[in-house]
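Would you mind keeping the following structure in view while I ask a few things?
Which chain is which? They are A, B, C, D and E, in the order written, and residues in each are numbered from 1.
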């Protein structure tokens, strides 16, 4: 009996990100899938040990290109926890709004990738267009389309500009106005159901055993969300729901993403209403001479893909002694993906991978 | 006269096919809120491909693609375009059915030599899909041939010219509907775009083609678009008296099919075949029985 | 399009083809890929310029190296570049392939991409905007017009040196040399 | 030329070959080739002769009659030519094997007895030669021992059942008309009741259907084909199995006669209509089973079963086109199936007997001639225009459509589409894709193997482009059965309802191919690259692991496998077990040993005779 | 942290040090022999989510510190307790010379890639790990790159900088 090894990625239209899966195939069934990361390994954590606390902000957002904002947030949270810096109330709200906007953008990107994977170009193009609208907001707020470096230890870099609130509301309304279109053409499409239902199923027990977080877990009915468990920023200030689904397959995961996107938009509206006036920035000491006492900290937040964590160690110097990110894609892309791909069809590799929302640079760092 | 027709008909098919390719890209772009490429973009692509170097994996790699294109071109000669049908009396519908085999078989042989599993998977999908849509298609065509008591496509067209379209004649109505249902599968567009599913198997049989090979494959694709629609127009929409009407009929069918293409994702191959073996086959089967009852 | 353009096209259809039909091989080498989906979709629509992502290197003639290149990716890049048919154009996207960018001291990224494969043009910035891709494409057009986008010729001429550099960075390569000694002219 | 002499040469040659083998291998081989070639020449000289002659020798007081006409000439020509090619092919293949003398004896014996069947002019000599053929075939199938013996046993048991049924028919005819001369019988039988004719046809059909592997009597074939020595596979599949076809023609159109044979039964339950439906089932189901096969010879075996269905459909539909299609398809099928088995043989010869499709691959570079042979073979099998298979299939389809049997036509056409799937699988798994490392040093096939392949390849193209030549002969056969003459031209058929003109297709394909070739030449010359230089998502390809073979049509398999269990074979096996236990019971009563299958045969015959008496047909 | 758990830990294991909670974070330092038992005890007491396995190279003290970060999956919405907010940082030290440790895969399935990564980047061998094949790196490094004595800048100037430019650019320089 001859074996066939098929490479899915790195140079492959079905691969979003520089990642490779080696498939051992019989017919069109996958006997064994081996994730093969490392195409994007830059040794971030090593490089960050060589740069001062504040210089690491430009570095840290480049770990995850799809949603750099949660990366900034987690690093800021870690530094604040180590150095004991407080953040003003208004900055908490701005951070939340900013992160939720980023979540919407990231989920739209995921929708692009997913629709593209099913060959559904039309919806893919719409989603990417709407993501661009979100990026325009970021551009106005921070000056950068992709990398923003907006969150800072002690708050955010600058306050909302004049009339920015209305712009957010308008943009979100114009995106929200297309939700029925998306539903009609994509989410309620029978063919989407056929393609995604029962594909890449991860049961709740498996997800718990393998450390799944984010939609992977929420698609199995667990209402686990770090924003709810250990609230940070302003997430405990406004009421919001954690959308879940029961089946744990690709279909449920994509529906969770859709519901989460809508929930994020609602949350942004609530946050905008409840936002207090005031300072957005507590000054930190001279960043070039800034040292942090000998301590360690673990902080976590909810990125658009799951639980994002940071283990930060300081030895009392002006540079971090050890940085280690716990990224959601790491578990999803290495452990759960291999499990979910077993006995799947070749046609569903991209489908499953995107529904788990594996972002390659997060794995490799 | 026949010589002129023999040159004219493939040329026309080529022009219309390439035009359809460009049109499809433009219309798809507009549905997707894009400006879209110029309508001549496929021509530019083909010119570029012809001037690009390529790799060849062996003699069969070259022969297969020639074989495939030749099959499509010959098939065009058997199809009546309006009143032009150079090879009307050389075998009729049965030859057309067989000639429809040549194009995928040529690509399959050529792709097989490149020793690329992506290609092989694409080919295996192609043949399974072909088996899938041939079941209803054969029932439909047999119903037509049984109803009109001829195996010559020119006769079928001329009878329709006299008595009205087959699509609206009662005994063949169900067959016509079944044909519409399987038309995307014959053309290989979404939701049946399983053969060249780029996101799954790296454009399948095309994976190893570059330069002139890809150009020939593109031309072949254009021709197959043309053939699929022209066959439908001839068999069910009564062909046409002159080229303009023929072209307009094709255009309408093509644009309708494009909307389906834009609004649906791709199916898995077994889902596609299950679909094809369910509703279209059932309709075609009932249509066939109706035809037999009418004939008695 | 003006008449001169038309005449030019008629004179050199091949050049016209290379210019207006740049099929880019889809390879997410680095974080720069995040700006490729916007530029090929509804907002910017690169297909207007004939730029289209294709599945395999065999079908492509444009290689956008989007972002930093780690050692493991370099192997895939070389493989992909060598499989593209000539004429082929390669464009480095972002600061990192130019000189390492912010990963100048990383042990796992290579610093100057043009030491390993020839590059016809660079797009600087981190991250360059989608418009920058179009600037690069139009600039590539003028380069093609003037026959200055000759990276593939350079690769052929200096293949031994390139191959030596590649093997220096990656160790022994699995595949045989693309050009044998005789073709080196 | 005396037919008696011809048969003496055929049989005597076989025995002399065996004896010569005791002296020297080379002389034996040379003599075998000489004998088979001289038979070809002698039969070719018989063209156009219509004659009958009585043999000197009598059997049980019955005269043995030989006769020749166009039908027997046609079949005899095919048998002798393919036999000769098989002998040539065997020369290298059978070298250095044990019991080669015996092999050659049996091969020539099979050929000789087939000739005997074809030239016999009465039913008793027909029966004698039929039995000789069956037994010598059994010995050849079991040649390889091991599983081959089981396959051979299965074959001979089913053959015995068939010949017993035939014997009943022969005896019944003799009891009624007191003669077994076919020509006399054909005159006398015109007055028989249709019930009796039906009985005759059914009882003979059992014999011929078993030989022709008509479903549901096909079960002996796949195992026998898979286990027989490969050079003999050609003879076995090409002509021996098709003796059933000859038998059908003989009983339906020569003895009973077309007018009577096509009007037996009523409504949809006419004899020939049911036969055609059995043929249609035989086309579809084995074709889909063939798609599932991973063994090269089993795949071809199932395909042969399926192709047999076309012939039956063709002759059963009872029109001049169908009859010609059926007969022509017999010839065509013989040509390409022999070719394909020879290709498998060449591969086996060079790889040491490997016939598992999954472990081959990439042989196109190593064995190019074999590849071309296979390509033409599968083209014929599929029926690509300009190959011989197309013409015969075209004739069958056309008559089915125009006579108003669209569902039969559907079965036949869908069989063709299934055929493409396994044909491509066959050629892809063996010749295309990645070459396994252990076959890097495989050589071309030797000349004695290539020669028959080349001849057969030419025959495929020749009969495909100039179908008029054999069709003229077949048309003569048709008219001798009382059908209307077809309007045969050298390029095909001219007709009101749809003509076939292969020269037009040929010219068009030629010109268009040249145009396509020129188009490919417009561009720069392609660089030849090695097989390793292929797209693998940016990586170097894994050695020996980059060929998609296992479960090639996996999605289809998952859909059709549940419906394609070989339940008929399972049913027979169960029946055999049942008989065995019955015999075990009866053994206690009878002291002697009673063979299981003999009991089965006796019961079966008793049943038939019972039916015969009950309705006094 | 709940007191019963603290009592359980201190009574069951020698030499375990538990620091008081600080902003939802508890550090536990345990002997390397007892680490797997501590992990399974914590898992059975509700801390069933292994968030991260990390490693810190304390080069001056000549030890590696392995860090297991655990938290609890929330059982139900809106009924979360302090426990679910809490992250536990479980630490142990191993010698820097020929570092070796036991794999935690039997307890937490998702430890597999983390341990693989630490094996690659720090050179710590995990016993009982099914595949300690390279995860990220393509080149071979004498010193695993994340150790403090690996100087990445020196490595770059030694390995990548000497590679010459090709063609005209090379002539110019």
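Here, a contact is a pair of C-beta atoms (placed from the backbone, for glycine too) under 8 Å apart; a residue touches a chain by one contact, two chains touch by 3 or more.
All values derive from a computational prediction rather than experimental measurement.
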Third chains touching both subunit D and subunit C: A, B
Given subunit A and subunit D, the chains that contact each of them: B, C
Inter-chain pair with the most contacting C-beta pairs: B-D
Farthest chain (mean CA position) relative to subunit E: D
Centroid comparison with subunit A (C-alpha atoms), farthest chain: D
Chain closest to the assembly centre - both centres taken as Cα means: B
Length of the line joining the C-alpha centres of subunit B and subunit D, rounded to whole Å: 35
Whole-Å gap separating subunit D and subunit E, where each centre is the average of the chain's CA atoms: 71
Geometric centre distance via CA averages, subunit B-subunit A, whole Å: 44
Geometric centre distance via CA averages, subunit E-subunit B, whole Å: 59
Shared interface positions of subunit B, touching two or more other chains: 32-34, 49-55, 117-118, 121, 198, 202-203, 207-208, 211, 268-269
Per-residue overlap in subunit A, given as positions that touch at least 2 other chains: 4, 10-13, 15, 25, 28, 38, 41, 43, 46-47, 50, 125-126, 129, 345, 364
Sites on subunit D at which at least two other chains make contact: 533, 535-539, 546-548, 552-555
Pairwise chain contacts, counting only pairs that touch as defined: A-B, A-C, A-D, A-E, B-C, B-D, C-D, C-E
Touching residues on subunit C, where the partner in the complex is subunit A: 25-31, 33-35, 37-38, 41-43, 53-57, 68, 70, 72-73, 76, 80, 102-103, 105-109, 126-127, 129
Interface residues, subunit A side, partner subunit C - complex: 10-13, 15-18, 38-43, 46-47, 50, 58-59, 62, 65-66, 109, 112, 124-126, 128-129, 131-132, 135, 144-147, 360-361, 364
Complex contact set, residues of subunit B against subunit C: 25, 29, 32-38, 41, 44-45, 47-55, 198, 202-203, 206-211, 214
Residues on subunit D engaged by subunit B in the complex (per definition of touch): 362, 364-365, 371, 375, 382-385, 390, 394, 397-398, 401-402, 404, 406-407, 409-410, 413-414, 417-418, 420-421, 424, 427-428, 431-434, 492, 497-502, 504-505, 508-509, 512-513, 515-517, 519-520, 522-529, 531, 533-537, 546-548, 552-556, 558-559
Parts of subunit C lying in touch with subunit B, wherever the complex brings them together: 13-14, 16-18, 20-21, 23, 41-42, 45, 47-48, 50, 54-56, 58-59, 61, 83-87
